[in-house]
Amino acid sequence: MTEMTKEDVTAMILSAKKQAGLTWEGIAEKIDMSPVWTHSACMGMNAFPPAKAEALTKALGLPQEAASVLAESPTKIWEQTVPTDPCIYRFYEIVGVYGPTLKALIQEKFGDGIMSAIDFDMQVTRVEHPKGDRVKVEMSGKYLGYNSW
Amino acid sequence: MTEMTKEDVTAMILSAKKQAGLTWEGIAEKIDMSPVWTHSACMGMNAFPPAKAEALTKALGLPQEAASVLAESPTKIWEQTVPTDPCIYRFYEIVGVYGPTLKALIQEKFGDGIMSAIDFDMQVTRVEHPKGDRVKVEMSGKYLGYNSW
Amino acid sequence: MTEMTKEDVTAMILSAKKQAGLTWEGIAEKIDMSPVWTHSACMGMNAFPPAKAEALTKALGLPQEAASVLAESPTKIWEQTVPTDPCIYRFYEIVGVYGPTLKALIQEKFGDGIMSAIDFDMQVTRVEHPKGDRVKVEMSGKYLGYNSW
Amino acid sequence: MTEMTKEDVTAMILSAKKQAGLTWEGIAEKIDMSPVWTHSACMGMNAFPPAKAEALTKALGLPQEAASVLAESPTKIWEQTVPTDPCIYRFYEIVGVYGPTLKALIQEKFGDGIMSAIDFDMQVTRVEHPKGDRVKVEMSGKYLGYNSW
Amino acid sequence: MTEMTKEDVTAMILSAKKQAGLTWEGIAEKIDMSPVWTHSACMGMNAFPPAKAEALTKALGLPQEAASVLAESPTKIWEQTVPTDPCIYRFYEIVGVYGPTLKALIQEKFGDGIMSAIDFDMQVTRVEHPKGDRVKVEMSGKYLGYNSW
Amino acid sequence: MTEMTKEDVTAMILSAKKQAGLTWEGIAEKIDMSPVWTHSACMGMNAFPPAKAEALTKALGLPQEAASVLAESPTKIWEQTVPTDPCIYRFYEIVGVYGPTLKALIQEKFGDGIMSAIDFDMQVTRVEHPKGDRVKVEMSGKYLGYNSW
Amino acid sequence: MTEMTKEDVTAMILSAKKQAGLTWEGIAEKIDMSPVWTHSACMGMNAFPPAKAEALTKALGLPQEAASVLAESPTKIWEQTVPTDPCIYRFYEIVGVYGPTLKALIQEKFGDGIMSAIDFDMQVTRVEHPKGDRVKVEMSGKYLGYNSW
Amino acid sequence: MTEMTKEDVTAMILSAKKQAGLTWEGIAEKIDMSPVWTHSACMGMNAFPPAKAEALTKALGLPQEAASVLAESPTKIWEQTVPTDPCIYRFYEIVGVYGPTLKALIQEKFGDGIMSAIDFDMQVTRVEHPKGDRVKVEMSGKYLGYNSW
Amino acid sequence: MTEMTKEDVTAMILSAKKQAGLTWEGIAEKIDMSPVWTHSACMGMNAFPPAKAEALTKALGLPQEAASVLAESPTKIWEQTVPTDPCIYRFYEIVGVYGPTLKALIQEKFGDGIMSAIDFDMQVTRVEHPKGDRVKVEMSGKYLGYNSW
Amino acid sequence: MTEMTKEDVTAMILSAKKQAGLTWEGIAEKIDMSPVWTHSACMGMNAFPPAKAEALTKALGLPQEAASVLAESPTKIWEQTVPTDPCIYRFYEIVGVYGPTLKALIQEKFGDGIMSAIDFDMQVTRVEHPKGDRVKVEMSGKYLGYNSW
């Protein structure tokens, strides 16, 4: 008997979501987490805190074993060094074009260091605009200064 | 006689900035543009509107020819497919980990399409926090829906 | 029970097309869309508007579930960074040889910006010619000027 | 004494163009060639027919030796397998997304073969549009059917 | 029920060839085509003209459906950018070492252009030689001159 | 004082060839070697036999030191894993499409082994043809059977 | 019914070897071939001479069909451009560090040419040594001089 | 004043070797080291023991500073992941084809471990053979067993 | 009947570990090995000494055949040249940033040589710290000096 | 007049170190920092705190301008995705072989997170050992747990 994997649970979630006609925003609300985190952890790219894993399992009617799988630390793998999907590529392009600018301004405002991608959160919102609505992405990460020793 | 290039002007700007003890924020203020845009265009990754190119040239005491160079359309080239500098890499990592999430939420909120990286702006700010100050990055891009025909 | 995927529906379409002796042009006509769009969406590289997904499902006698699959946003993935098929490679070669030229002329005619690949359409036609008929490819994309802020 | 190279002549053309305030369209008109071809050959990606090389040399006041250099067969090299400049990348993306569609429709209309990228021409035009002007790119290449023997 | 693919037909041909003790030269003779073409099309890298597809299907006793599969346009894919098999690598090496020479001599004899790989044929023969027999490969492709416009 | 390099000699040859209005075929004749070999060795991709190096040096009026440089064993380097120049790419494409066929026929005619790319020669000729002249490339390499021990 | 492949036969050999408690050296002795060749051909990287294929089939009690499979010419494929296994990587490293040295000494001793990897054999032996036993690898390949023509 | 580099010293050695008409074997003899080591260290891929560095400096009449440069630890860099020169490529091919065999036999004779590429030596010799002389390469490296802890 | 593979045994271990609620530290203790080694060998990246393989098999209640599989020499393969998982990437980054420093200090303290990755061990411990606990990684490898000969 | 760069200062440091016969350990002592940090920052891979930059400048007699350059935030770039130098490669190999183990043990001891490579320090020491001295590398980095939100 093979163990249930993160891929199995992702497939169950997508199926339950479709059948129940839910949105990611709706699912996130049910477990009182943000939509970005919820989607990412459902895709197996983050580990749910145990209580949230339980809550999601109940909310979507998944088998009990799914809760422990959702709480496991994933190995984060992406297979395309340069993403081909246009929606994702545009973010890669932003890093290519504005990466040195992000670095220069972080250093100007904080000193020699980085923005953490671990102690990190992100929001995506829709902003109305007369010339066409806009996607707003807000990232927030803890500043970490390089150690010297 | 060789033409002045964007690289030449970038070197002049960095030198003038150092001698005058300016910050990117300070330079941006002088020409009434945002620091992100100002740095990016000074690095030769964006083209200044002609009036801003003139303003920058005066503000930093660059030779007159620099203004027309700053206003030229650049060819945006980055040489590292995967950036090695840790500060820039963290943003690449965010795209790798959260790219599919960004895509899913944009589609949930808008339909099948992307966030433009052209009709786009970005801010970087320092946010105080008791457990360590945080870097806040705000991106805003126009939603573009796929055409069907 | 596993969900029906875009790959499944593509296989059904190819099978139905072969058995009915249809062409892509013929299928496109049945649903009143262009052949380029129709083929691309049937291959799972674009999402059909729901009404068109319904129309295609009926026209080819696909199972009802196929319609919702055809209307889902796809993740656009191509696996060959440099395509090997000679017919596709020739277009890659055109981008390699004429890419800087396309950029220079777009900037000359419009300013600093790009041709959108999202608000975009394309036609392929056969043009008779005494020295051998020619393939005509017409692309049209909205001009998007870089924002400055 | 080193020979004049294509790179040297390209630099001279760019300098003469800037000083005379010319456009590519204007230069093309002077030598009665299309702007796409003219730009491409000035960049050293195509060889001018000798008479056109002479005409360009005169029109821009280049040294006489430039004419023979402009008429030499270039070795066409591009260094980025995936172009990073957003304006050029969008065309790469179109090949990635629509490459299999272009192939399928060429085969449906002509048989098993390709569109030549050698016996080929291209136009770029600006098309007015109430929702924003559009870039129109028209490619035309001779159909070449695979030989069987 | 899944469609018969080119891979399926290739496997059938290899099996029939082995059981009947045939050579590629023998199979080619039966359908009055060259061995190079015949092998290539049997491997799914070229499309048989319909009459030849029928002839092959009969000659090898393949199921009737195979004929239409053999006549379909293939997508030509090779997975190794640099081939590892020594017999194939040597040809890659020849292109690496002599590629610029082939280009220079084609241009000297014809003008600025290429040898077509589409309107193309090839023969492989064994040539006796006192110091060890030699492989002779003869390629013939139509010269295509670059268009200027 | 730096040594004369193969690159230096190649530049001298190209300059002398241009000034004397010679062709590769003409140069090859002067030293009684084939044009393919002559071009390749002039480009620094092969080593001239000492007598031929002397003959070339005299025929083109190169400095005496050039002869010993032309006779040195070169390190054969090509920088593009996949060549971008269309004329050279077509040969790469032929290896990709027909590589397995070349292997299969060499094995059918000789046994398990390869065609040598070292004990090797090649000719390029122009063949008149009513539908457009053709490039003929003839390669001949010694068959080498795998050793077993 | 699918054909037996080289992979199938390799699996059978490994299984038989394990059950009979044999070594590669022992298997090689049974068929009077060297251990290097025997292992390589059992892995499907070389073709056994028919008599040896028969001998191995009998010695290990493989099904009769295995003999003809073992005698087929393999396509030699390795999937890692840079091998990751430390034992294999060290040999890659030796080629990287000493490759130019091997080339220089072969040229000094023989002239412009190579050591054949086809007319080639290799031995691996254990050499006792007071400071720790040593692996001895002996390669022998026919010198092939470049042809000039 | 810039420091003398390993590249500078390599150039001096090559020049001195050419003017004195020496071979690598001859140079090696003068300093009582093997030709493989001597060439490798002269190329800057290994560090001479100080006494040997002195001896070489005297033997070739290099400036005194060269001795300390020859004794420095080099950073071993090779730029081609897959070497293109045919003489070096053949060794890469041997690692690709026989790498798993080398590993299997080392493990059979020694246990789980590797052949060191550091505590390592190599010889190249010419072996006469009636069917054509052969290159013999002998490598010897200390066996290192994996630690378990 | 197919042989049990290292992958099979890894899956059994993970399943037994989960059901018994064990930690790697706990498993390591049971067989009196370190946690780093134990995890690595359970993942199939190292070979257990036979007695330890037996002990593990008993401790976790695996089938008897597992013991011999655990003792086999693995082929160490990793598929991502640059690891994407953030926890593993940080170590890759450390090698990129501090690699030349590690080399310089090893040479200063020992001479021209390396730290062995074969005669090697490693510990991971948690160190309490008022500003946040720290991960301590201790590596120890035998110094190996380059041979000269 | 061009600005002094980090490369310039690195060259000055190496020259001063050689002339003064210093070691990295000795230089580090003079400025009361660790040797790992000191070397890394001298190589331009880290930024010295201003006081340490001043101290180093005085200790080595560098021009005053060097101090401000040493204190600038560097862009950390390494050019070899897989390092070729054997001493550095061994650390890359350790990450490849033990990366998943490091991840598993960090998660077992701390939870879902990483070891920081920013709030990080490292020591290299020589440890005497009867069977050959050993290199000891100690890394210490702050544990960072993934945020959930």
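Each chain carries a letter (A, B, C, D, E, F, G, H, I and J) given by its place in the written order, and its residues are counted from 1.
Convention: contacts are C-beta pairs under 8 Å (C-beta built on N, C-alpha and C of every residue); 3 or more make two chains touch, one makes a residue touch a chain.
Listed by chain with UniProt protein names: A, B, C, D, E, F, G, H, I, J = Cyanate hydratase.
Not measured: the values here are computed from a predicted model.
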Next on the checklist: Taking contact as defined at the start, I'd like the list of chains shared as neighbours by chain E (Cyanate hydratase) and chain H (Cyanate hydratase).
Outcome noted: F, G
Checklist entry - For the chain pairs E-F and D-E, which is connected through the larger number of C-beta pairs in contact? => result E-F
Next on the checklist: Averaging over Cα atoms per chain, report the distance between chain A (Cyanate hydratase) and chain E (Cyanate hydratase) in Å.
Outcome noted: 48
Next on the checklist: From the mean C-alpha coordinate of chain B (Cyanate hydratase) to that of chain E (Cyanate hydratase), what's the distance rounded to whole Å?
Outcome noted: 51
Next on the checklist: Counting only residues that touch at least two other chains, what does the list for chain D (Cyanate hydratase) look like?
Outcome noted: 36, 46, 75-76, 78, 81-82, 84-86, 93, 96-97, 100, 103, 107, 113-114, 116-118, 120, 144
Next on the checklist: How do the chains pair up in terms of touching? List each pair.
Outcome noted: A-B, A-C, A-D, A-I, A-J, B-C, B-D, B-I, B-J, C-D, C-E, C-F, D-E, D-F, E-F, E-G, E-H, F-G, F-H, G-H, G-I, G-J, H-I, H-J, I-J
Item to check | chain G (Cyanate hydratase) to chain E (Cyanate hydratase) touching residues, read off their complex | outcome: 2-3, 75-78, 81, 117-118
Checklist entry - Where on chain A (Cyanate hydratase) is chain J (Cyanate hydratase) touching in the complex? => result 33-34, 36-37, 41, 46-49, 52, 73, 75, 100, 103, 107, 111-114, 116, 118-121, 144-149
Item to check | Residues on chain A (Cyanate hydratase) engaged by chain C (Cyanate hydratase) in the complex (per definition of touch) | outcome: 11, 14-15, 18, 80, 82, 84-86
Next on the checklist: Residue numbers of chain A (Cyanate hydratase) touching chain D (Cyanate hydratase) in their complex, please.
Outcome noted: 82, 84, 86, 89, 93, 96-97
Checklist entry - Contact residues on chain F (Cyanate hydratase) for chain E (Cyanate hydratase) in the complex? => result 23-25, 35-36, 39-40, 43, 45-46, 76, 78, 81-83, 85-88, 90-110, 113-117, 120, 122, 124-127, 129, 131-143
